[in-house]
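Consider the two complexes below, in which chain A is the common component and chain B and chain C are the respective partners.
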Partner chain A sequence: MRIPAVLLSRPVRIGVPGAALAVFLLIAPSSFDGYGISLMSKALALGVLAVSVSILAGYSGLPTMGQAAPFLVGAYTAGVMSTHGHTVGVLQLLCGTLVAAVFAAATGLVAIRTRGVAFLMTTLALGELTVTAAGEWRSLTGGTDGMYGITAIQPLPGMAALSSDRSIYWFVLTATVVVIAVVWWVLRSPVGKLLLACRDHEARMRSAGHPVTRYQWLAYVAAGALAGFGGVLMCTVNAYVSPDDGSFSNSALVLLAVVLGGAISPLGALLGAGLIVATQDWLSGPFPGHGPLLLGLMFIVAVYALPDGVAGIRFRVPKRRGGPA
Partner chain B sequence: MGAINTHFVPALDGVAYGLLLFVAAAGLTLLFGIGGVLNIAHGTLFALGGYLAASVSDGSWSSAFLGLAVATVGGTLCGGLLAAGTLPLADRGHLPQALLTFGLSLVGADVLTTVYGTDEHPVVIPKSVNGTVQIFGHVYPTYRLMFIVVASVLALVGTYVLGRTRAGALLRAAADDREMVGAMGYAPWRVHAALCGAAGALAGLAGGLGAPIIGPGPDTADKVLMLSMVVIVLGRPGSVLGAFGAAIAVGEIETLGVSISSNWAPYLLFGLMAVALVVRTFRGSSAVGAGAAAGAHA
Partner chain C sequence: MTDVSSVSANVSPGSADASSVSANMSSVSANMIEVSGLTKAFSGGTLAVGGLDLTFEAGRRHAVIGPNGAGKTTLLNLIAGELRPTAGRIRYNGRDVTRTSRVKRSRLGIARTFQQPTVWSTLSVADNIALAAWPHSKVRGKWRRGRYRTLSEYCERYLETAGITALADRPAGALAHGERRMLDIGMALAAEPRVLLLDEPAAGLTDQGVERLLTAMRALPQEVTVIVVEHDFAFVSAVADTVTVLQDGKLLATGTPTEIAADAAVRTAYLGESGVVPDAVEEVV
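And now, the complex of A and B:
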């Protein structure tokens, strides 16, 4: 889990896989059918969620198992807006991000007080409670049946509604690229260094006068906002929201994506999310109903074989030992 | 008096449900508080115990005891498997261990539905306790009453073992300082294996014992895991007495709460937990942090 920041400082190590991913994302839609394209859109939305997890688990040292909660909040925000006739995509993204940020700001006050396993457990409980609340608040969310038949969005005011899987894909891809670029830019700035320093040397940072808890709370809020952004995209792709979108298994799957992709690599998190969607929906084709088994085995193998994620295979650096987990 | 009469049976059900949750959550909190392993597969072990007990039960006492024995042994064996799996990850922090148990729970759920199908498996209760008894003029199933007695005994024995015996003292010591316990001559891997085995046994036993209350089915694992989590978070991680109170409270909400107002009961669970978390946060209590610190030695 402990990857030195040195991995981020070498442009080549990011550039090559990044370019390959970009080429794939641009070329693939022309060779896939509608189902394949919508799967790719789904993978992108989950990828945004995975990046938000990597901000918490990787950069801040706060392994979360409840990040699907703000994701769900974002998705419902988009769903509710659509049913009330507000179908402008950009507006939905802004509102969903904002509402999820407010949600994270409130839950963060509670979660951020804990560390380690207690943080895992608290976030998990918060996530489960959010799912329960979503299932019960029928007047707003449609209960456990979810909201379906959500109106297609128009990316900007005055534009035509997105009617095909392909046009939705381009919208989702554009939004993802923009938001990931912002995240990348922020994390490369001193903000990322501060978070890593708080993760590795909390006591030292505190004595140097840094309000560590406030930094981590801000990271939690930012990650929540990002997850909400992903949720809006997911709602756009599926035209359907249900409490299941916020399920614990979604939270855990993106955590796996982050583990697969290397904890502090946004690109790796995106790739990991793609790998998981591919496993769940394509590889399990020959074994209908056994997707969870494949994913479970993937978890087990990943935990033992990839201590530093896929990004860590080729770029393995000597691990420092003895620090707090 | 009228209100008490109407709600007497649900209230008693709540006690039974709460005791079941306590036994189920005990294994989780043991492993979490002392071993620093958040076992996502805990609910799966509970479900396994239920399925095993259901598959041998045929209505006779011997099959009931056999079912409990098989459920406990099955849980213990899976706990041992968990110990073997998590030990190599011990120096890599909590996340890999939690991820491993999540992977195991996915695999376990798949195996269970493959073997037992997606139907619920009812347990055949021994005939002599399958009737009802009169308590204060209320009709109540005998099995539940017996369950309340058995689970209370189990809770007392567990508390006694953890609080008053040498083995329990050793486990509590391991929570505070693992290396010191190692220096006393107890191999860390043995303590870890004992811990995982005991947690697995508790989960399996709870599953077997509680099968007539929370029957084994495809949703059992998630439900038990979630309720156990709520119990532990409410009762403060690592605290036996706190977990007991929280388990009874959650049990009452799930039964008495539903019978009083089925619309509000889910919010009640949600609200209680939110209040507990918020109160704890603003009191600046370090109980949750202490749980993390205990785990940090793992």
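And now, the complex of A and C:
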């Protein structure tokens, strides 16, 4: 059975799921209650984290288990700013992104030296260290109890504070759309080609004279900055930060989201994050206590049935060999 | 036979001038690549290259031949910086590059192809060439779309040289073996190297592909130094003006293709390997 060529064309492949997602994101808030809306905001924040993982795991061939660490750094930056009276959302996003980038720049020097499983373990260790540090540094983070007293933000200076779940959702959605658009634009540029080439054949890149380690470090810093951005959003949504936000299960869930969504698709990573939040929080209503089981089943199904991820369903281009197909 | 003499006749004026060229341009030494006491022992105890002393003169077409396991590919890997020698020095254009990384060596002008042609399989053929040219191009800000397009347009000439213009938009992973080899060679050419290392470039090519490869090699600027590792002696005698024979990681003989083809020691070395290759040697003689 051949798939009509028009269904495989780029506009259709990206446009149809993209449009469906856009419609859902715009319409859903009006039909959900406050809880549902805040879950969607949470899914978006996790989605940004998932996109940052897909930059590393998908584009750069660096499967990371520690992206929750810069996420946590971003969230704490926003939390500290809020408790000190700096409640301008855009400013929090900028600072959280910047601090997370600096954090990633430092940790990246260690992580980038390793590859494959070693990279996985190094990033896992860095993530766990960050969580532990957040739990111990009570004066700044409030320790394992978490950080309370985070006040509502104003998106821009002079605007009213965001008081409802709905207004927070629109803020988070706008910020997410802007940052994903930037990521998309960068990954579609020659920069994305450099990363893909490093992933395809790193040794060949080096032989061709490309400073691969520098590229990957930069990708690591950029992904860290993006994760920090997501962390700020998470702080905005929850009005609370604790070391749990950077936990191993969060990192693993997000890597799962990327696997579900298709490793090199930012859109897929977003969808994957949505699926995970839905499974964990919505389906736990009808199936109480079975969230982890459902996630596990979903993962098995995903790996066996959709090796290219949700974004790859029925859109897989058959491999062409030899002459024109 | 006639083929060999015509090729060497084409090449010899240039190579005879090699010393006068180096006198004119102080940065160019007559010996482009010079290895001394070069040794590579692998962890299993295998001595792939054992104390080689070789010079590859600038602007000449060198071939390195020898039976399987003679250390030919290891020698290329050592020159390209893919491997670190156990002992010995490598000089490139008068400069000691023994400890220089392969990224740096590539930027200094040493390009190579691989025995198993390696390409970036998810990218298009045109992108493969452009990315191979990237570190060596003077275009600034190539990460910007417009500049990258400029680079890509410039690189169309290499697609043409390699005969893969028609495949430009195809993902490199979907190429047939011979096409992939031509792409690998095109990528090496796109680096505009001063030293070109070719690891069995003719293996797996159709007759037409070999013909194209020969044309591409003859079209190389005269000042490019080529070192080609190859099994096929007919190919070697068509492209090379100097042949170096390795056996068990040691130098066995060096000379013109005709001299080498007549060399008794070389025949013995090849006979020890298999009965097929001597026929190829025979044909040339």
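Quick note on the criterion: the second predicted complex is superposed on the first by the 307 of 325 C-alpha atoms of A that agree within 3 Å, B and C clash if a C-alpha of one lies under 4 Å from a C-alpha of the other, contacts with A are read in each partner's own complex, and residues count from 1 in each chain.
The definition used in the following text is that a contact is a pair of C-beta atoms (placed from the backbone, for glycine too) under 8 Å apart; a residue touches a chain by one contact, two chains touch by 3 or more.
Note that the structure is a prediction, hence the values are computed from the model and not measured.
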item	value
Partner chain(s) touched by A:Tyr304 [first = chain B, second = chain C, both, neither]	first
Touching partner for A:Asp145 - first (chain B), second (chain C), both, neither	neither
Dominant toucher of chain A (residue count), chain B or chain C	B
Touched partner set for A:Thr132, first chain B, second chain C, both or neither	first
Shared contact residues on chain A - chain B and chain C	321
Interface residues, chain A side, partner chain C - complex	189-191, 193-194, 196-197, 199-201, 203-212, 319-322
Complex contacts: residues of chain A adjacent to chain B	1, 57, 63, 65, 109-110, 113-122, 124-125, 128-129, 132-133, 135-136, 248-249, 252, 255-256, 259, 290, 292-293, 295-300, 302-304, 307, 321, 324-325
Residues on chain C engaged by chain A in the complex (per definition of touch)	80, 82, 101-103, 106-107, 111-112, 114, 118-123, 127-128, 131-132, 134-136, 142-145, 148, 170-171, 174, 176, 187, 191
Residues of chain B defined as touching chain A within the complex	32, 36-38, 40, 85, 88-89, 91-96, 98-100, 102-111, 114, 222, 226, 229-230, 232-233, 237, 266-267, 269-270, 273-274, 277-278, 281, 288-289, 291-292, 295-296
